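Notes for the one structure printed next.
Chain lettering (A, B, C and D) follows the sequence in which the chains are written, and residue indices restart at 1 in each chain.
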Amino acid sequence: MALTREQMAQRVAQELRDGYYVNLGIGIPTLVANFVPQGMEVMLQSENGLLGMGAFPTEETLDADMINAGKQTVTAVKGASIFSSAESFAMIRGGHVDLTVLGAFEVDVHGNIASWMIPNKLVKGMGGAMDLVAGADNIIVTMTHASKNGESKLLADCSLPLTGKGCIKKVLTDLAWIEIDAGQFTLVERAPGVSVEEIVEKTAGKLVVPEHVPEMTFA
Amino acid sequence: MALTREQMAQRVAQELRDGYYVNLGIGIPTLVANFVPQGMEVMLQSENGLLGMGAFPTEETLDADMINAGKQTVTAVKGASIFSSAESFAMIRGGHVDLTVLGAFEVDVHGNIASWMIPNKLVKGMGGAMDLVAGADNIIVTMTHASKNGESKLLADCSLPLTGKGCIKKVLTDLAWIEIDAGQFTLVERAPGVSVEEIVEKTAGKLVVPEHVPEMTFA
Amino acid sequence: MAGFDKVVLSYDEAMAGLDDGMTVIAGGFGLCGIPENLIAEIKRRQTKGLTVVSNNCGVDGFGLGILLEDKQIRKMVASYVGENALFEKQLLNGELEVDLTPQGTLAEKMRAGGAGIPAFYTATGVGTPVAEGKETRTFDGKEFLLEESITGDFAIVKGWKADRYGNVMYRHTAQNFNPLAATAGKITVVEVEEIVEVGELEPSQIHTPGIYVDRVIQGTFEKRIEKVTVRS
Amino acid sequence: MAGFDKVVLSYDEAMAGLDDGMTVIAGGFGLCGIPENLIAEIKRRQTKGLTVVSNNCGVDGFGLGILLEDKQIRKMVASYVGENALFEKQLLNGELEVDLTPQGTLAEKMRAGGAGIPAFYTATGVGTPVAEGKETRTFDGKEFLLEESITGDFAIVKGWKADRYGNVMYRHTAQNFNPLAATAGKITVVEVEEIVEVGELEPSQIHTPGIYVDRVIQGTFEKRIEKVTVRS
């Protein structure tokens, strides 16, 4: 069975380490914060200038001056810091964020990512996505393996305009955990009950399949 | 009579305007702060990270964490701000300081300045001088008109390694107020009792002498 | 002290000198920390043909969005402009030009503009549409883009507290682009919630030193929230 | 919270991993805001062949000057090194290499290094010995130098207060190069006068967010003053 959005977030959360500074994109990445393993602490960086993003506020603590990069009202955890956008992207561009999780339209075997622009559709802008993928060493892309029409999003070459070039090494889809190296995908794990054949079929770029492909496990 | 150091500082102080942010170099420039005209306020920028430098402290208020760019202990005025060296030079390089006053070994008709390095003598470093001359629009150089051996410091071309290229427009010497434009010096004012002839004689670079050269006046 | 007293008493005075065709740099992220009254004053003035540099362009009817209503903006430099139907329409009509700039590059362009740095290299945007027409260069085996800095005729900034000298502090994440915008304007205007006595702000805690600020005005703010999100 | 607890209890632990030939970036201006105990620990370790990046090199017998005594520094990157007879001697002997860098360029090189900007243009140094071997380029009719950023294996920093997460505040002008150095080290070590409870530092007032900091140690400081100047 393909993973649910929650399961995808849960699998990504297994990559967290105690003491990680993490930037989570909008959508599934945001859900990762709900699955931080017990006894582990991570700090969420929000690129509008907040390190140590906390829970949503209550009606009583709601504050227009306290938002996240998705423009939602939030709170700050104890030990948070708040700074300018230049400082925020100094952290991001300078590689100080330990893990970045974000969505995408397409990823290819060269580690390219397309996530912001569909030609002939209105372009709303890249926001901080280009900085995030260019600056981070450790990025996990979360997306469905294929479109609703069954078209693979794991390609030999991205067809859409890029967000970043050669910067993606890890992709979690609803079907598989895929790693990218030396111009090819490698199938590392599959979703419980999903066959290697289905993944192979839905992966357009060159995919290396090891002899044994374990199923993902969830605590 | 050649101006004293105090008179030089006093003449420079006539160029101050109410509300100016000013960076004063070591030596004569520092003395300018003693001659701020009454009813006028300026704020002193010290490039180690202080805007609003005050008087020296008393024994009681002496604080090792409160120094100026000359490494002297100082105080901060009301309304001062304190920041990093990067922020300090953002102000300087970005042209936000209204007036910079500094000393020099030589200045030439192209507006070049040499103030930091004498070949075959030990080089101690340029500190912030290169940033100051490159960043400011409004710079006054203070120096003696000639060396003790009578060699002019106002040259056709600087002989010493430069601190900055084409950035000086105003020079106050112990003999004259000189402006630089279009590859020549212009004699604007002379020290009281100093003859135009003496200034001409002691100026090696091309000097334009207007029909009338007023004497400086001091309040 | 008259020389350092930056306080003005009317919005008219605050935006005096703004002319058609100028470049305005605005602080704010979404609707958070936007100089809402300075924007309203630009609308009142009906200044046209503006280039506006801001992370976003407000929403329909609030923030920079209101400057679209009378087509006052000719060109928008922003990282994300998706909140706004009128923007979309004018863009498709060709009435509005947009220069989409990655958020971190935009922040650094403002900072560099204020700091006298005409250009810098960044990895952001290499191999993407953002790189079109820009020079790339390799440092240490990695490819980078040359990005030029931004300065504006006016910077409009929203602060929390300021003193008469123009020293400013920002509140929470309403800081965002504001201190960067403040450095990059030929004329920088800051509107704040509160004007405090000179000396009240701790020198090491000032976010924007007064040297960057030309005018300060005290306003009242709606502080509209784009996405109210609360936990139950 | 173990993962964010940056506090170490010994200077030995604070400088663990420092090896011969590494680059160390140090905060401080003159003797103000220098990480004096971290410097002393480098001396105790007798690490050799260091490249040290700092605005100055201390004085004879204090600050970075003590690392000259056993010739631990191979190369110094600084803006001003005139306070120090041993420095002079080793320089003339050819035992020490020096790269004189304008103060503002040095500050920006550290900041850029920490911010992932490999190089930037500045007007500082154009037409001077600093420009030798460097590329120049014209923007808007004015000439600028290309300057590359600096990063270090270690950054040693002196703070005032820090919490266990490594959030740091600096005191008065002891801030200087410290927050810049803090961003530019692969391993950043901060020694402070006081370690406070997490949550005690106001988020918007933190000068160096903990993300830049790897180790925090509480020390006691001599705070020697280079030029005691008092009014009568």
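Definition applied: a contact is a pair of C-beta atoms (placed from the backbone, for glycine too) under 8 Å apart; a residue touches a chain by one contact, two chains touch by 3 or more.
Remember, predicted model here, so these are calculated numbers, not experimental data.
**Student:** Trace the shortest sequence of touching chains from subunit A to subunit B and report its length in steps.
**Tutor:** 2
**Student:** Which chains are shared contacts of subunit B and subunit C?
**Tutor:** Chains that touch both subunit B and subunit C, as defined above, are D.
**Student:** For the interfaces A-D and A-C, which has the higher count of C-beta pairs in contact?
**Tutor:** A-C
**Student:** Let me have the rounded angstrom distance from the C-alpha centre of subunit A over to the C-alpha centre of subunit D, please.
**Tutor:** A distance of 35 Å separates the two centres.
**Student:** Where the centres are mean C-alpha positions, what is the separation of subunit C from subunit D, in Å?
**Tutor:** 32
**Student:** So what's the Cα centroid distance for subunit B and subunit D, whole Å?
**Tutor:** 29
**Student:** Which subunit D residues sit where two or more other chains touch them?
**Tutor:** If we look for residues of subunit D contacting two or more partner chains, we find 108, 111, 115-117, 122-123, 171-172, 175, 203-204, 207.
**Student:** Which residues of subunit A are in contact with two or more other chains?
**Tutor:** Where subunit A meets two or more other chains at a single residue, that happens at 50, 76, 82-83, 89, 92-93, 135.
**Student:** Spell out all pairs of chains that touch, sorted by label.
**Tutor:** The complete list of chain pairs in contact reads A-C, A-D, B-C, B-D, C-D.
**Student:** Going by the contact rule set out above, which residues of subunit B touch subunit C in the complex?
**Tutor:** For this pair, the touching residues of subunit B are 17-21, 40-43, 45, 50-52, 76, 78-83, 87, 89-97, 135.
**Student:** Give the list of subunit B residues in touch with subunit D in this complex.
**Tutor:** So the residues of subunit B touching subunit D come out as 46-50, 55-59, 62-74, 76, 82-86, 88-89, 92-93, 112, 117, 122-131, 134-135, 161-166.
**Student:** Quick one: which bits of subunit D touch subunit C in the complex? Just the residue numbers, please.
**Tutor:** Going through subunit D, the ones touching subunit C are 108, 112, 115-123, 137, 139-140, 142, 144, 148, 169-172, 175, 203-205, 207.
**Student:** How about subunit D: which of its residues touch subunit A in the complex?
**Tutor:** Subunit D residues touching subunit A: 1-4, 111, 113-117, 163-165, 167, 183, 198-199, 201, 203-204, 206, 209-212.
**Student:** Can you name the residues of subunit C that touch subunit A in the complex?
**Tutor:** Touch residues, subunit C against subunit A: 29-33, 55, 78-82, 88, 91-92, 100, 102-108, 110-111, 122-130, 143, 160, 171-180, 207, 223-231.
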